[in-house]
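In what follows, chain A forms one complex with chain B and a second complex with chain C.
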Partner chain A sequence: MHYLGVDVGSVSVKFALIDEKKNVVDTLYMRNHGVIPTVKKGLADFQAQLSNGAKVSGVGVTGSGAGFSKVLIGADVHKTEILAHAIGTLHFVPKVSVIFEIGGEDSKVIFLRDGIITGFEMNRICSGGAGAFLDSLAGRLDIPISEVGRLALHRENEVNIASRCTVFATTDAIHKLNTGYKLEDVLMGVCNGLVRNYLAMLYRKVSPPPYTFQGATSKNVALKHALEQQLGAEVIVPPHAPCLGAIGAAILALENPPQQTQFKGFELAKFDYHISSFVCPDCENHCEITQIMQSGEPIASNGSRCGKLNF
Partner chain B sequence: MKIGIPRSLYYYKHPRLWTTFFSQLDQEVVLSPPTNRPILEAAVRYGEDESCLAVKLVFGHIWYLADKCDEIFAPAYYGLEPDRHSCPKFLGVPDISKSIFGPDVRFLRCEVDDGMFEPGMLELGRALSANGRTLQRAVSEALMARKRYKQELHEGYRRQLSSEKAKIVVVGHHYVIHDSYANLSLLAKLEERGMEAITIDSVPFTPIESFLRWDFAFETMAQLEEVLNHDIAGVIVLSNFNCGVDAITVPFVEDKVEQYDIPCMHLILDEHTGEAGLITRVDTFVDTMKMRRVG
Partner chain C sequence: MRERVFTLPLCGNAWIPFKTAAQQLGLEVVIPPPVTNETIALGARYSPEGMCLPFKINIGNYLQALEKGANCVVFYTNSRAGDKKHGGGGGGMCRFRHYGHLQQLVMKKTGADIEFFILGEGGGLIDQLREITGKGTWEVIRALRVLFKKLRVIELLEELSWRYRAVEKRSGDTTKAMNKALEYLESVQDFGTLDRLDPESFFASVETFDRQPLRIGVVGEFYLLVEPASNCHVIEMLGELGVEVHRHLSLGEAVLRYPPSFILGKLMARWLNMSIPPRSEIAEIARPYLSCSVGGHGRESVADTIRFHDAGCDGVLHLLPMGCMPEVTVRPILRKVSEDYNFPVLTLSFDELISEGAIRTRIETFVDIIRLRRERREERHALPGS
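Right after this comes the complex of A and B.
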């Protein structure tokens, strides 16, 4: 018996398969190029990757795109990314007290005590301190995102990059490059600034370690270094760090098993999905209603403020 | 005469006070509808950009009323008790409205200081040439309506306390927690998730000593003193982005709630707040509370 977890984030989609003893069978990380094609391709690729096949008894989804993907995949359990990350992390680091997770468009800090979430912070109005910013900066500087951390650790000088807003941070970084700083110095400055901005969420209440650092950004060794420096403590990057949300979702499906899974199978390609949207004319709010159509029939509908067109 | 009352700011604190007063003076009251999309769009268009969403929304509601009445009621609130203060932006509302909407829109101005409504009401009554006895009666009926509304809130609060459901206290300015379009229906979302949402304005005060001089800050601390002694599962603080009073108040609220070891979440809203982000936070908060209760 297997349980599938899918974490549909803004930048990437993660898949994880666990067995009934919560052992991780396999994971898959993919860039999100639009939720329908990515989820379809992801499931097909994941199935090909699973050499021994899988018997899926339950599916959990999480992430900012989960509400939508739930109907697409036929998921049984839908939980928020904070809960999913906490559950996934607790599986590997049961005593974790603070989870640092920097995602693509949001970043979070989760506080735990004896395996129970006691609080959390998420970036509020602006997603400035999140991974997508590093990604776009790397694109602009024409270096692969996977190289940013390694390069940054080869810095020679300390460079201070304005970090409050990524628009200014970009300007500042480009300006520093034009005044002759090495690329490595500037990249480290950006990583330091990003972590400084991120930790500004925590104006108080940090309990003693163990700490973990996860999300795809945890692969960036310079970010990990900056986080450890600024916290003054070691952070653990748990196994499968980019996919812990998906693993957590799978565990949540295992712990809340459905009688009969809604899972539509790995071959989603056979379903024809498309999105249709229209403006509801019934009142002056003119809500934009988005519907997922499966073979011409709406299977999910969203966007109505009064709720009457949501299902 | 048709008098327009914007459904914003202090309307939510005492919805019946001014409507009763003007009706008693035989004036026709035109109340703007609950915030909707055109009103929000007008608010963003007319409001000056340094204000919080709630202050911008006043101008949205005035925009709605502008061609539907003869005068628009625009009170300036200084404070609700001696030696206490309302948000300074409220003082500016009548004058800013005048400068935004120009001479074609007429405003009925009135000042409320130290929580004294009578002086302003008497002045308004004379401006509307009400006779002495009618005016006196209008004043006392209006104040009575305000008092009754408060009593009803407290009765509702006591009913909610005896509920079997997990209770969440929603802290925030009355005009933030009760404007469901602007706050993306937070109260309804909590109810859908099986929670009993207690709004802080329904909670009676426990007398406290505090150096806080903002009406909202002082009242909230006095109300927390009462409500936190009951079986409360969590507290959600709802703020508008850019609110200066909340910048002072919220850390005190969080500190107080922490002393009771109750989970507390601070949500900040703005006109572009996405519903997905709000739902993620509310769902996580509800899950967190359930984990704590089970664990």
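Right after this comes the complex of A and C.
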């Protein structure tokens, strides 16, 4: 009995497999290069990594691309990323009081008390406190994103980067480099600025520790350092931190087990998927209807405000 | 003189009673097409950038109605609520007080040839209507009577539909029943028929589950409460997630709280057949958190959050247009109420750039949270001796 969780985010897709005792069997983290090829490849790779005999009895999906992936993979449970992250984290840190999650394009803070979510904040109109910014800056400076944290910790000077807006922050970072600051100093300044922006936007209610920090950005040691310094407290990075959303989704599938799983199997490659879309002309809402075609047949359709074209 | 063709800003289903009354008074009317993203984008293009969302939607409505042949706008406002005697500068009102005049200016800038009638200004509603229509006092009152009665029936239908949607067996049944009911109501002309209607009978065809759904109270700025397109249809969204929704304020109630004149207020209360808690009671409930009026329905939002808690709701959803001064003031207060009462409150703020996906994520999570809370509570009660 195994349960699969898939977290389809804007920047990456995460997979996790757990057994019926909630032990994590395996996880996989992939960059999102278009949801169809990524999910297909991810599932194939995942199967290759697994020892034989893993039978999937339920699948949970979460993340911004979950609605679509649910149909693609054949998932049984679909929950929001906030709930999935909280459930995944509670499994490893049952006493957690605040979860700091910095994802690619969204970032959130989740408040808990006695293992129950009491509230959450999520960035709304600005991705200033999210990871995609570091990613694009690293790309511009031609350093691998995985190296940013390690490099930044070797800073010699404190640099203040104007970080309210990420576009201007990039400008400011380049400007600082041009005035002669070392790359390491600037990277740390950017990490500090990102965390400052994140906390200012989302963490306006102060709660006592324990704190956890997760999402793919938690692999960045400089961000963790900046977060601890600005909070003035220790921050736990739980095991499998980048994949906790997927683990949470798997746990949710385990806790709400389907009678018969919808899972289409790891070999999605045998199906041919594509998307077709059209504008419904029937009323003034002009809904854009998106249909998922599996080998030429529509298997799901959404986007219709009145609901008549959704299935 | 050209023939006047009237239109109005959309506000939920309120156009239905308006249309009936206007026809009874012999006015020609054009109803703007339903609010869509296009309407909002159109309104936002011509409105001042920092203006609240309802204003922008109104402008979008006018421009779209103009295309369909309208050349006059009737706008109902309530300057009486803003004067010294009734709460002092802004007691009960906010920027809304200036909507009529500002919209007139904005429409002028678009180059539209459009005439504005700002009803309710100065309290002379009946005189104004007599002047516009050329009809007598009695006819105007008769039309108003049908208008308010119909408005009330529609509001009751809406509230019922939120109850049914949470427990419907076949998804979509309630919406179908509701649309049918509205279609029928559009044609009803006389007060007596409206008075005898049993709103519940329209939902007889909806099969329901016998279960206790989650209940959420909705508080906040009143336009967002009554116009579904302005709030990404959150109330329907909640219903589909199996949540029964209660609102703290309907359009009828909002008008009744600050009636255009004392006598009309008395008459309206009879036509609407509803009693509203007196202002002093609202103030008393809100007092531990907010001891003065902050304009708009800010004080009501605080008091009603507490009232929803006391009535056994599972949570409160607080809706506001971005930059709405009264509700922005109330927002941190509601956070405090939420902590003190250990009662979930979710605030959602809307503007023309909001994405429905972002709202859906928050709503779904909020519903999951309160559902888990309720399950926990039931488990605890089930344990002996705890």
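One rule holds in what follows: the second predicted complex is superposed on the first by the 306 of 311 C-alpha atoms of A that agree within 3 Å, B and C clash if a C-alpha of one lies under 4 Å from a C-alpha of the other, contacts with A are read in each partner's own complex, and residues count from 1 in each chain.
In the analysis below, a residue touches a chain if its C-beta (ideal position, glycine included) is under 8 Å from a C-beta of that chain, and two chains touch if they have at least 3 such contacts.
Owing to the predicted nature of the structure, the values given are computational and were not obtained by experimental measurement.
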Fit or clash - chain C, chain B, common chain A: clash
Partner chain in contact with A:82 - chain B first, chain C second, else both or neither: both
Touched partner set for A:120, first chain B, second chain C, both or neither: both
Partner chain(s) touched by A:286 [first = chain B, second = chain C, both, neither]: both
Which superposed partner A:64 touches (first chain B, second chain C, both, neither): both
Residues of chain A that lie at the interface with chain B and also at the interface with chain C: 64, 79-83, 116-120, 122, 124-125, 283-286, 305
Touching residues (chain side chain C, partner chain A) in the complex: 33-34, 36-38, 172, 175, 233, 335, 338, 344, 349, 353, 357-358, 361-362, 364-365, 368-369, 372-373, 376
Footprint of chain B on chain A - complex, ascending: 64, 67, 79-83, 106, 114-120, 122, 124-125, 283-286, 305
Touching residues (chain side chain A, partner chain C) in the complex: 64, 79-83, 116-120, 122, 124-125, 205, 283-286, 305, 307
In the complex with chain A, residue positions of chain B that touch it: 36-38, 181, 185, 241, 263-265, 268, 270, 276-277, 279-281, 283-284, 287-288, 291-292, 295
